[in-house]
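Quick one: this structure, given as structure tokens, is what I'll be asking you about.
The first chain written gets the first letter, and so on, giving A, B, C and D; residue counts start at 1 in each chain.
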Amino acid sequence: MSHPVLEVRDLAISFAHPRPAVRSVSVTVDEGEVVALVGESGSGKSMTARAVIGLLPDGAVATGSVRLRGEEVLGLPEEEILRYRGRRVAMVFQEPQTALNPVRTVGWQLAEALRAHGGARGRAARERAVELLREVEIPDPEERLDFYPHQLSGGQKQRVVLALALANEPELLLADEPTTALDVTVQAEILALLRRIRDRTGTSIVIITHNMGVVAHLADRVVVLRQGEVVEEADTRALFARPRHPYTRQLLAAVPRLPEVDDRVLELLAEPEPEGVAHEMATPALEYDDVHVHFGSRTRGRVLPAVDGVTLRLETGQVLGLVGESGSGKTTLGRLAAGLVPLAGGRVRVAGTDITQARGRRRAALCRRLAFVHQDPEASLDPRFTVGEAIREPLDVHGVGTRRARDQRVVELLDAVRLPASFARRRPRELSGGQRQRVALARALTLEPRLLIADEPTSALDVSVQAEVLELFADLQRRLGFACIVISHDLAVVNAVADRVAVLRAGRVVESGPAARVFGDPAHEYTRRLLDAVPVPDPTVRDATGPALREHIAS
Amino acid sequence: MTRYLLRRLPSALVVLAVASFGIFALVRLVPGDPVSTLAGPDASPEARAAIRADLGLDQPLLGQYLTWLGQLARLDLGTSYRIGGQVKDLVADGAVNTIVLTVTALLLAVVVALVSSVLAVVLDNRWVNAALSFGNTLAIALPTFVTGLVLILLFAVVLPVLPAGGTPPDGFIARPDIAAQYLLLPAVCLALGAGAALTRFLTEALRTELRQPYVTTARALGISRRRIVLTQALRNALPSTVTVLGIQFGTLLGGAVLVEAIFTWPGLGGLIEEAISGRDYPLVQVLLLLSVAVFVAVQLLTDIVHAWLDPRVRIGGAS
Amino acid sequence: MRRERRPHLLRGLALTLAGLLVVAVVSACSSAVGEANGGGSASGPSEGGVLRVGAGSDLIPASVFTNSSDVANTLVGTVYESLVDYPTDSLEPQPRLATSWQQSDDGLSLTLQLRDDVTFHSGRDLTSEDVEFSIRTWADPAWTVQLQRTAAAITGFDTSDPHAITLTFAHPLSNVFDLLDMLPIIDSESIDQLREGTAYVGTGPFVFESWTPSSKVVLTRNEDYWGEQPLLDGVEIDVVTDPQAQASQLRSGQLDVALGLTDRDRESFEKDDAYSVTEFKGAENAIYLGADLANPDLREVKLRQAIAYALDRQRIVDEVFRGAGTPANLPWPESSPAYDARANQTYAYDAAKAEELVSQLGDQPTLPLAYPAGNGNFEAVAQVVQANLEAVGIETKLEPQEYSQFIKQLIGGTFGGLWILEHSYAQYTPSTLTVSAYPFNADKNASHFSSPAYQKHADGAWQRDSGTDRGAVRIYRQLNQDLLDNLFLIEIAVTPPRVATTAKVHDIGLSKRNELDLGRAYLAD
Amino acid sequence: MSESLIDVAAPEGAAPRPDDEPDQRRRPGARSALRRGKGLAGVLLIGVVVALGLLAPLLAPYGPTEQIPGANLVGPSGAHWLGTDEVNRDVYSRTLYGIRTDLVVVFLAVPIGAVIGILVGLVSSWWTFTDVIAQRVFDLVLAFPTLILAIALTAFVGPGLRTVFFVIIAVELPVFGRLTRTSVRTVREMPYVEAAHVVGAGSWWQLRRHVLPNSWEPLLVQLAVSMSVAVFIEGAMSFLGLGVRPPHPSLGSLIRDGVRNMYDAPFFAVGPLALVVALVLGLLLVSQALAEARRS
């Protein structure tokens, strides 16, 4: 009888110093099957994959068994591993930006991959390379061969990475978060491509992801991991229909969803006339008035507009969501409100005062009513400060209250973001991502701002953590009633918190309005395309979205 | 690329212009003057006056400066007071020796650095690394004048197999084998520090490269570590190494002054010392300006090479 | 479309290594040191070989005739010739380019017969015009030669006979033969190249080939030399400024002769049979301690006497000059007519006396003590002197100074305290010293010392027909008295030049001019 | 002989964190870096040399300039462990006192240069105008090889410890200026500084609370490196006769004396050579330890 392509039995991985280890994982992948390893950070899903291809980090000790077509490969000596690595098992990593050698041409890297397994050389290699690029659907491959990675877009890079992986026609393809770093539309394309590759070549695929949408979209079977153990394994449809393990349920529940058609209608009926509200409001919390921002300096010659004539207004106590793909200028808009980028044209008013004009005391006053939550919670906290100091800093800056009062405030805030007071003494690097983001949030709230700008507040977080943070955020926003801008590439996230949404593309607002309406009944074609591209966490929709995707690739 | 170059040039020229004035002023401010050294203790006042006039030192300073600039513009470096003859010939003679010495040293350093760092990274063996890093630190810690003397003592005096100093009697080209032996000791002495420093840097750089995701990709494709190091990591580490190399070259030129003194290597080092102590204004000025020019040029060059080695700079493009 | 260039790193690396290997192998078969050592290697006086002379200081074209650098001295001594030669131990002129001479009774003119078989290296015959030209050149201040004033005092030239010349003087010149001994006969046609340092055309046993500044001078045998053919094929004068390096190059056989060694190295070579160290009389140097009388404390002669007594000259000679020299109170070497053994003992080492003199003066402020930096001997002497003076209650502060600055101070007389330096020219007619050596200059000197008596004696000694007769000696006695009484220059020691060579070097000489005489030198094991 | 010879600031490269998890490992601080391995060795080496220097008056049998009658160039013996020099001074004693000169140079000249450099660097990193000027000046100074600068400066003020000071300060100032500027600029780009800016912290606040504390480490490393370079410079200058004035000893001048007697009294230089190497080695090890602590 034929062995399964991959058979992992009781895999356990441990490290010298405590780090997420794999306790016991068993997975089987059959011919042409797409299996998804789902789990949050620390669940050991990546480690499992790395164990399969023999790329465990130094100091990792793996026990159990990993069989390819019945052959044990776990614990083989390096030179042995070299023979099957890339030849029979290939792996695709998360970051296409850095996964390619920046100083070698695409062609060279493909040739190198072929060479590694005594494949074609010279002219033949070149032809094979073209073939591969064609296989991953890169336009005019002959030219692309002599391109350097930086000349390709993110999506194309990931396609090249795929081409590399497929170079030696492996039986098994391990894809570790292959689309996480990509824009939704690109993600959709890559997913479609993966599926077609499977259909065409019959390569088995193990996809590692935290995104239930991706799973629903691609996987035949799902293996849910948690803290290094398999908690549930089932056929995709079955799992989504009837999740058995509570953790699975929690995962599914945590996934933010876009409005379904029916509740959209209700929303629309319930919706009061938005513009009217706007007018009777007093001065808006934030106002963009025909704003322009340029990047690149005149001296260097290249000047490209990042924001190009945006006009928006955010009423007090409202939450405005800025959505768009990378390069759409959404982040720039946010930083603009915080006075972090030079304005090239137009006006930005925070509670009526022009941010670019404000100096000295006026600026100080302005700053007190304004807070900014950076997308990377780790970077936004000074590694030398304790959590307490970090949260207290705004108070110190503005010399608010006595020392004791400030420390008191710190405790309150920690409590507000549901962290124990004891955390005040810890350093940022001792916290988990979620905890850090809470601290960042607490810090932002220290001065009771009237306007909060949150740039991708949850992009660095796991689904469940993300859910908590979002919920916490919404709650705080309701309690404290500050106006807020939420910037995110994740439409669902925005939908979860925002009252109003502005969709940006290439520095322009293509559409704005109440969240429910924009997402439920998009007026602009681009918005619709964005929405379609979002992998819906429901296997039943998969085939529906299929055609939609093809159309994008054409365009 | 060309635009990049054009952007860097003006600042370089500014530095040179400022330098020329600074140097001229400095040289004139230094106490003591060429006349006294030329005339010697026993010369009569009229003799001094004659010399002063002869050297044009009786002209006003600004005038002297402008004449000098004029000469420079006409690529006429003037004539030396003390040593006599055209400054350009003197500098040329010295420069040849100094360049031969420094370039040899640089090559030595580069070879050593390449070999040892690649070994260290490819083998990745605790003991090899320990040995290398120890050797490194020691090589850096030993002052040039110490190593130089030890080398002479060992190879020229205790077991006289190599010349204790001086340049090959019949030039570098005529008898390369002889020339090599004359070069060996000073070059090694000069290369030691630079080589160690380079090794240290390159090893670190390679290690950093090996931590990059693209290396993981390559490994996942079943490419051997050795090959990754040689064809990918090294290539990626090259640009930054070139920059360091530039700095090192400057350092070597500086170190050459000392090494030339120890090995009586008639290069620019001795020349400049002689020129300064003799207050040989034309020579000093040119030499100092030259050292600035070389520095600026090397910087410019390294920047260009750096840019050229990095396709992201060489070829602009998307993302 | 540019092709991707393949990685040649490994290959390039391999190539470089291979290259180095090749070099190493080649080196193995022919050693630079071996070649360096291979000179002439027959025994007994033999033709051939190139003598490599290590010189401590390079020549300066502008002052090639000032006898101020090893290279210049060796060059002038081998390429040029003078009309007469002093033997090293007396002031009796011997014929060289001049065969005989006749001085007029009033001492105001001198007629010399010249050899008729002498040609310049350019092939041109030597005539009396060349002698006139040479003297006039020396009289030109721009060349800053010591005897410029003497040369300038020659006012008339009769060159009607190409092989005889008659010189007439402004006043009797007791030291005219000093001039004729020092004055090299130079070729008028190549004077401009000479100024440039590109050509040195003389009549001597060796012909100038090339000069590579701060590197070397190359000389070859003068094939049609009028005198006895030199034995050496040629001479290479290597500029090796660092004495240490000269020592090691002499040891490693890159040099045959080392002129610029430290006394200590010379001493250790002396002990080694593979080398020989020759001491030459006749071209002595004198090291002295100068006193600037502009300094109010030093104006007090008692203090200067105290200093003179305090100096442990013997120790300096023994420990610094390693025994090469004699303690002195007066500049003259024994061969000089002005030498006076008793007077030379006037200020024998006597710390007690010095101390007493100081105590009479009451406590003294610290005196600056300047010396040319970078010279081991001066530095050592300065430190000994400092210790000696400290012992008798005179504090000093050492001020090493760069040479050019030092000379400027010497000329400007701006030391404001004590200084240490050497002077030469005491081996010649004594008047040459007082007239030509700046520190002794009666009109103006670095010590700001002036005394009508000294002035009178100096001129008296100069402006007379003979520099050696009894009358002259009488004046020298007075001069000595002036020097000892006034102590504006406190002599320390007179040091004879010593030359170290490898044992295979034979028959080198050193003239009173302190110039190597290689006419008969040869290499043999 | 100059900075870059030693200070090729090894490239930064934080190991990629596999998963987003609280990192329990405590960051090895500068202090702990000096308590083990390289760092410790370095500290010990320096400690020994410093101790010898400070205790010179107790350990040295003779004064540094004391000339002992009759003891001229005697070899090592019970009376004179390292023999005596050409003017009858006990080399051992001179060596001990010589350390002091170098210590002054290392622990006074370098810090002075560093402080000025850092100040200039801060100013120039904050205001473009000063930046432009400062950079040009630095370019100019750095354009001269250290020793050539030394020779030129000596021609100015004459040889002496003062000159060594000038040279070292002149050389170190730009180095620290540059370094401060770059590291400040990198830190300033950090989101947490940005965050402080957003909550209304002024330049001074940002500088004091965030920028300086986070950029002092590279400076510390450089300080150690520069100190070792200072030992080089003193040595090289004294070696060329541009250094400290006689009769006062410094390690460099002692080495030069030793070289003068290389053939007949090699024992001269042993002490100073060993000490120089020990001092430089110690400082280097410390700098490396600090640098590694920083990278990990």
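By definition in this document, a contact is a pair of C-beta atoms (placed from the backbone, for glycine too) under 8 Å apart; a residue touches a chain by one contact, two chains touch by 3 or more.
Predicted model only: the values in this text are computed from it and were never measured.
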Per-chain Cα centre nearest the global Cα centre, belonging to chain: B
Contact pairs, highest-scoring chain pair: B-C
Chain B-chain C separation of Cα centroids, rounded to whole Å: 37
Chain A and chain D, separation of their C-alpha mean positions in angstrom: 48
Averaged-CA centre spacing for the pair chain D and chain C, given as whole angstrom: 44
Gap in Å, rounded to a whole number, between the CA centres of chain D and chain B: 22
Chain B: positions in contact with at least two other chains: 31-32, 157, 213, 231, 235, 261, 277
Sequence positions of chain D contacting 2 or more other chains: 155, 259, 262-263
Multi-chain contact sites of chain A, meaning residues that touch two or more partners: 104
Chain D - residues contacting chain C, complex: 65, 67, 72-73, 86-88, 154-155, 158-159, 241, 245-247, 259-264
Chain B-facing residues of chain A, complex: 53, 55, 78-79, 81-87, 90-91, 93, 95, 98-104, 112-113, 116-117, 147-148, 150-154, 161, 164-165, 167-168, 299, 301
Residues of chain B defined as touching chain A within the complex: 3, 7, 212-214, 216-225, 227, 231-232, 235-236, 238, 309-312, 315, 317-319
In the complex, chain C residues that touch chain B: 7, 9-10, 13, 16-17, 20, 23, 26-27, 29-33, 35-36, 58, 60-63, 66, 68, 141-144, 146, 148-149, 195-198, 212-215, 236, 238-242, 245, 248-249, 251-254, 402-405, 407-408, 410-411, 421, 436-439
Chain A-touching residues of chain D, taken from the complex the two chains share: 18-25, 27, 190-201, 205, 209-210, 213-214
